[in-house]
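The following pair of complexes shares a single chain, chain A, combined with chain B in the former and chain C in the latter.
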Partner chain A sequence: MNAALAAGVAAAATCAYARGERIRVRKVDAPGHIRTPHYIRGKIGVIERCVGFFKNPEELAYGRSGEPLRALYRVRFLQSDVWDDYRGGPGDTLDIDLYEHWLEPVTAP
Partner chain B sequence: MSDTHDHAHAAGHRHPPQPDHDDTLTYYRKLEMAVRELLIEKGVFTTGDVRAVVEDIESRTPEGGARVVARAWTDPHFRELLLNDATAACAGMGFEMALYDVKLTVVENTPDVHNLVVCTLCSCYPRMLLGLPPAWYKSRAYRSRAVHEPRAVLREFGLELPEKVAVRVHDSTADLRYLVLPMRPQHTESFTEQELAALVTRDSMIGTAILRAPD
Partner chain C sequence: MGAREPAKLTGLSVSATIGTIAPDCARISPMRAYHDLGGLSAGAVPQEEHELQLWEKRVEALLVLLTRKHILRVDENRRGLESLGGEVYHSLSYAERRILAMSNNLILKGIFSVDELATKLAQIDRRQDPLP
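For the complex of A and B:
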């Protein structure tokens, strides 16, 4: 899907999470073509932006339509939240593109 | 392996591929060839489609990205559009973007933030502006270390950043492709857009380098 089409679809659908919202990446093992790297599963980050709506690569990989479209987010993590042994500045971050069905709300502070 | 054989050629008969003499026909290369040939036989795409994409990618070089960066340094309106909708901004400069089914995203270096791009899963790269990625970008070492110890990786590229500069790593795992907008070097106020473009290096647009003031 090209970006123009994604933008058109975005106007018709809504993103479940808003910029600044804290989320946790689902910590599950799933077979297949998964774009959520293992190292980020279970980590807590903040929504940087909702990018738009895209075909689901987990479906596309098997020759299926990729629909329903999935909201895609840029999610920002503090490096010190991702790696216990991180060595660097306190403001160092990691931004990852994650599909909505891999995110869950963080209730407790 | 040989493509010479003495039986008659039936309709649709295919020769096995010629072995490469200068390279290794690995398991995954064989797999790619087999899948590609099957998809062509099934009519999913044609050899012409494959050739068109390969030729387009191979025709692109980091000079394309450098032109975009220089335009952003000299045209504030373009810079704003580039940061908001890089695909549209680059299409407006005449870059063919529709062939690439991804959303180009430009991230800007500032005195406080340094951006670094990696694809931990494979080799996602802004090919429409930079061409093919360098071998190190696809290496397991870069892919695994850039997210875990980016400052050590940058140091090996000769870039030591003070701790007060936040290092922001972008792992391009999905439909976005990232280009870093490097900071304009000092003492270039009198430079034309074309002269500025000549200063922009590939690595500065990946984030493994910054641009120094010209001599």
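For the complex of A and C:
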């Protein structure tokens, strides 16, 4: 690991959200290379785990360094929260890996 | 779908006649990228196996090589795919759109020029066997 990457790790090595915390995916429509699926934006989910720290693909896609590293989470959603017409079981869930800058805290239930 | 030949690269555009899945574009909001299809209706999923042809395997091998040699990142390749425009993107096969995105990126990075690529493509066109 080179020095810049090590510095990036140090700068980003805290997960802002804890397991079990409810979050909302930012409802942002922007151009550019985005790894957050359109269908999940604006939806509420629960942090399943903080996966680790990775270079930001939104920056890597344009030839830049991707640093500082960004925290990546596995976020769990109820399928019935994601799809209006979901006909599967009421407890069915969907896990998606999402970067921290796409998440915002849910204040009221 | 039967055996298919790779679409011919002519300069930077690909002429392809075989369509792939075209989403219901009317339901896509202006800011929803054309490749971001999750949740959209796409019709029946073709169930038959598609045996990869040699040139399609070579496209994937090329991408692996470019990535390992730190010439091109997968994120840059994805951005390239997302910059082809919806009409081109949805008219090309998986391997066709990948080689087109790769070509655009390598020109952008100065790995080869438009003229060099065009010259090479013309040479390949004159070969008896295009995939020796």
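Note that the second predicted complex is superposed on the first by the 97 of 109 C-alpha atoms of A that agree within 3 Å, B and C clash if a C-alpha of one lies under 4 Å from a C-alpha of the other, contacts with A are read in each partner's own complex, and residues count from 1 in each chain.
Operating definition for what follows: a residue touches a chain if its C-beta (ideal position, glycine included) is under 8 Å from a C-beta of that chain, and two chains touch if they have at least 3 such contacts.
All values reported here derive from a predicted model rather than from experimental measurement.
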Side-by-side fit of chain B and chain C on chain A, or clash: clash
Which superposed partner A:A61 touches (first chain B, second chain C, both, neither): second
Touched chain A residues, chain B compared with chain C: B
First (chain B), second (chain C), both or neither touched by A:Y39: both
First (chain B), second (chain C), both or neither touched by A:W83: both
Touching partner for A:A30 - first (chain B), second (chain C), both, neither: second
First (chain B), second (chain C), both or neither touched by A:R74: first
Partner chain in contact with A:D92 - chain B first, chain C second, else both or neither: first
Which superposed partner A:V51 touches (first chain B, second chain C, both, neither): first
Chain B/chain C common contact set on chain A: 37, 39-40, 57, 83
Interface residues, chain A side, partner chain B - complex: 1-4, 6, 35-37, 39-40, 51-52, 54, 57, 72, 74, 79, 82-83, 86-99
Residues on chain B engaged by chain A in the complex (per definition of touch): 85, 87-88, 97-98, 101-104, 120-121, 147-152, 163-176
Of all residues in chain A, those that touch chain C in their complex: 29-31, 33-34, 37-40, 57, 60-63, 66, 83
Of all residues in chain C, those that touch chain A in their complex: 29, 31-33, 36, 38-39, 73, 75-76, 78-79, 82, 109
